[in-house]
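Once you scroll down, you'll see the structures, which are given as structure tokens.
The two complexes that follow have chain A in common; it is paired with chain B in the first and with chain C in the second.
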Partner chain A sequence: MSSSSFPNPVRVLRRGERDEEIIKALKNEGFDINACMQCGTCTASCLSGRWTALTVRKVMRKAALGDSSVLESSDIWMCTTCYNCYDRCPRDLKVTDAIIVLRNLASARGFIHKNHRKVVQILAKTGHAVPINDKIQQVRKELGLPKIPPTLAKYPEERELLAKTLFQLAPEEGDEQ
Partner chain B sequence: MTETQRYSFFLGCVMPNRFPNLEKSIRVVLPKLGIELEDLKGASCCPAPGVIRSFSEPTWLALASRNLALAEKAGLDIVTGCNGCYGTFKEALHVVHEHPQRLKEVQHILGDIGLNYEAKTDAKHIIEIIFEIGPEKIKELVVRPLTGLKIAVHYGCHLLKPSVLRPWKKTQRPTFLDELVEATGATSIRYKDKFLCCGAGGGVRGSNVPVSIDIAREKLDNAINAQADAILNVCSFCHLQYETAQVQINKEIGEMKYRLPVIYYTQLLGLALGLEPDELGLNKHLISVDSVLNKVLG
Partner chain C sequence: MFVCHCGENIAGKLDVEEVAEFAAGLPNVEFSTDNLFMCSKQGVELLKEAVRRHKLNRTVVASCSVEQHWPTFARAVEEMGLNPHMHEQVNIREWVSWVTNDWDNATEKAKSAVAAGVKMAALKEPIETQKLDVVKKVMVIGAGVAGLRAAMDLAELGIPVVLVEKEPSIGGHMTMLNKTFPTDECPMCTLSPLLNGVANHPDIEILTLSEVSKVEGSVGNFVVEVTTKPRYVHDNCTSCGRCSEVCPVEFPNEWDMGFGMRKAIYKPYPQAIPSTFTRDKKHCIECGLCEIVCPVQAVDFSMKKEKREFNVGAIVVATGYEQYDPVEITAYHYDHPNIITQLELERMLAPTTLTKGKILRPSDGKVPESVVIIQCVGSRNDQVGNAYCTGVCCMYALKNAGIIKEHLPNTDVYICYIDIRAPGLYYEEYYKKAQEKGIIFIRGRPSNIEPDPYEEKLTVFVEDTFTGEPVEIEADMVILSAGMIAPKGFGKLGGKLGLLRAKEGFAKEYHIKMGPMRSSREGVLLAGTIQGPRDITKTVAHAGAAASAAAQILVKGFLEKRLDTAIVDKDLCIKCLACSTVCNPGAIDVDVDGYAFVNDTACKSCGTCAGACPTGAIQIRNFRDAQLKEEVIGLLEYNRLVGAAQ
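Here is the complex of A and B:
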């Protein structure tokens, strides 16, 4: 039967066209992509799917086929990581974690939203994704709390050490999406 | 009261740096329950399970392990009042417990900054330690019952899921937080999509504000339609989402349509324990909580 019988034929990738890195990364995380039977429980449980074009079942299918377009699409970034799909998957696949794996690959290839990159840069600089500011220092004082919380905000020399040593992927690498 | 418990208090980012009023309420209420908090000095971002774990999982694991290692050094379990931080610590501990190789990698990285790490410390949510004390005990401590107050309880996702890595009874419909709310004398009301996410997590609030706000708006509408006096949360990020979403929507539509008070659990409990609103930071909300206070204080 020719694929034209179907309105939306699955694009089957030939050997060599497959992005083996996707398949390998998921396998390394203990995610058996072939165990997915495409039942769609993930899509049906998906909060973001009510608002956006994210269809988790399709993301899983593309990933299983090694279709690299899954990394380039913004769909994987629409997940709020609510873990409904992970909790409900009848095959006990860690679906949300798989999305995180795909996001890691996408980020390493430079597919990351500029706002997200900004958050990473702020974290590298201040030790916090949401750093303290003057206004909140004043609020803290009015509440009877120390103006600067006892976090890294108080220990600048530790902050530098952390950015230098603990960042396994530098915040400024790659192109912006 | 039972013997005093002691924990390393992990603040995170949003709580100390955006909503210190929640931090204040935890700091005044927990000692009343016999829980002592020791500051986790020099702690960083947890780091955020949505953005940072998505950007570079190894970086996320290294930073999370550093925070856990600081608590380990203090000889205490870590406690947090943010679901996101709770998720990060629970998952980061799971990764190194399941994969000894990952623990070795982390130990090597932390060794470079002079930290020892055995992954022996536990991570808890403040609601977990309050629930261990139990609703019955809380009832005994209440001096100002919040009778008649209708509360829309919002659990938040990472407090509950992934459920295999959480201590709660395995169910799609938990009740522990409702029980704790009702222990104060308030009523936990039924409302549509109670277990729906606030819409902030996973980096969605950072990259797709319209979608994120629209999800929050639906939750708020559901709570308002069920005649809630307030929406209650136990997560600084959910709290940020519900407060800032209302401010933003009001600005967009040009009227003060959304004014549903957003209350953190220790603020509610503090009122029931007889503490003053200002002590609980209830005077520092973006959306006024006066309607709740009028009902409670008369």
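Here is the complex of A and C:
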């Protein structure tokens, strides 16, 4: 049964076409995605989901089926990690942790939300998520604080070292960048 | 006169105090009051005290149905020295308050019912009870786990049992299973102590290859005729199996659902009880080799069909279920070799079958890489006439999916379901365990299965309703979780026993909550899946309840029969016997003079005879024409009174 003539072909569940890496990564973190019974408590608890496209239940479903589109979509980045779902899951699954695992996996593959990527780039460049611009320097001056705080910003060598190790993101991939 | 509030059931819908006040003004009424709960101890005491203080000789309680609380108040007046039938029950709950929201009219209707009841009470006649001897013996029809359990429980109470089974061996469907949920135990291990116990019990007589051919009599004293088909092998068979070895005829074993072979002289499975071999006359070519090799001359082609009569006090019907035949759902292509049912899978998993317990694709013996299990095949489907949920398939699908995953860890196992129904202790846990085994659950009922015309592959079309996407699953094997249906041949037996059946084909229970093991006929009990689909746990409990209900009739040695039965007035009887022809339980005979004569034991007090009688000679005690007329007068008089007032 070929569906190739349709613009959006029907998904075929075929052996070996599942993204086992997703399932394995979750399992390694002690999260058994198969135990999810799709009750929707997570979605109903989700504060972010009321305002964004995030449907936690669907994220869990796609992860359970090894559907890699879950990593490509921006949904997982909409989670605020408030841990409401984690707290309320009747099967006692660590839902929020699972989202973090999925984010790590997505990041490793280069799927990072562009705003998050920018934050990391600024971190690598300045050592601060919030840049120390002229306005902030002025405020610091008025408060009698040194112009540059005693953080990474003050130690450019350390900053460069960290930029090389910690803040190295996988190259951009996917359409959303 | 006592008017009951029944909490808010009656008092919430009509003015009970007004009804009680009205009753006080009726002729013959000495005392009238209302009470919150007449059936409570205080209510009954109130009634007794009133009888004592006012020297009442008749009581009327306006509350619920005769079925529900007539016995409660009748017992109370009996304790006060009156005949229990001096109590009259007026139903103002089911007939009035439960069926209306109209306060004023409900109060009026309750008053008219009370007026009729008071008229009727004045004419009530005392009725005696008669002690009837019962036969302390029970027939259990069907020797599956329900029949075995019921037979054993009865025999252990010292009640002899005749166990009738139509197959050559006892044990039923449970012996066909590979494992049982939720413990994954081997069913033969759990069942065989019961099987052997029943087979060796001195108080249990087992009749295999037998069916009930005639039923007469009534509760406490049934006469049942059993027809036994010839086995063609005598009981001295040592089960050595030489006959089977030499038999040249081989074909698929029905007991193995075609996944094993048997000869024309055979035993369905190694542990079968009785272990005597059976000759299958239909397939036998009569070469006589078995007769020659039998070392004990047990094989005897000359055996004939036998009929025997048994006198029993009660009958337990435990004829079990049949698996739904999915062939009528054409979109599922059950005729395809790689699409099988769960019961067939259970047989495939048995070590004695052709695959030796391995899970292999039936068409070519390949190890399947992808197996799809489809739920609700023949259940929850109005199209095939089974609107009900079998309630067992979810659990055995979880079990078998887990077993497949254990046998073949690299095989993908899918379960396509509408809802997973795993209620009760250990069942939801079992579901979670199955999920953790890595079974892929797709919530969605497959629309169709498409077999590939060139390869062995099958494609299952289903919506994953969780993501809202249509998906196709490529499968090597599809297993259909076929539901349980009432056995096809049950109509004939049910007719002989005079049982009502539910529209789904199962035997109708007396009351879904309070009498699920009683049938529509007194003295006939229901055990197990013949009353409706259920799993082994519930079947065993149900069978125990049926056994105890059967014993309840028999242990005292006598029955107390209320003689509010039909009675014939010989002066009016014209010997037409119209009553006898319409009597369903067959309670009306002819006496020596040719008059109709009522057998009180069999009479169900239904009154059909009274309707058929052209002269009014046959009447039901306390439902005589004269009494009913007075009751109707009470009703009409009140209505006329109200009509005139308006």
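In this text, the second predicted complex is superposed on the first by the 153 of 177 C-alpha atoms of A that agree within 3 Å, B and C clash if a C-alpha of one lies under 4 Å from a C-alpha of the other, contacts with A are read in each partner's own complex, and residues count from 1 in each chain.
The rule is simple: a residue touches a chain if its C-beta (ideal position, glycine included) is under 8 Å from a C-beta of that chain, and two chains touch if they have at least 3 such contacts.
A quick note: this is a predicted structure, and the numbers were derived from the prediction, not measured.
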item	value
Which of chain B and chain C A:Leu152 touches, first, second, both or neither	first
Which of chain B and chain C A:Met37 touches, first, second, both or neither	second
Greater residue coverage of chain A in the superposed arrangement, chain B or chain C	B
Which of chain B and chain C A:Pro90 touches, first, second, both or neither	neither
First (chain B), second (chain C), both or neither touched by A:Thr52	first
Chain B and chain C contact sites that coincide on chain A, given as residue numbers	none
In the complex, chain C residues that touch chain A	369-370, 412, 414, 420, 431-432, 435-441, 443, 450, 459, 464, 466-467, 469-474
Residues of chain A that touch chain C when the two form their complex	1, 3, 10-15, 32, 34-38, 57-58, 61-62, 64-65, 91
Footprint of chain A on chain B - complex, ascending	11, 13-14, 16-18, 20-21, 23-24, 27, 39-45, 47-59, 62-63, 66, 109, 112-113, 157-158, 161-163, 196-197, 199-204, 206-208, 211, 214-215, 281, 284
Chain B contact footprint on chain A (complex, rising order)	47-48, 51-52, 77-84, 86-87, 94, 96, 100-101, 103-104, 107-108, 112-113, 115-117, 119-120, 123, 127-133, 136, 139-140, 142-145, 149-155, 158, 161-162, 165-169
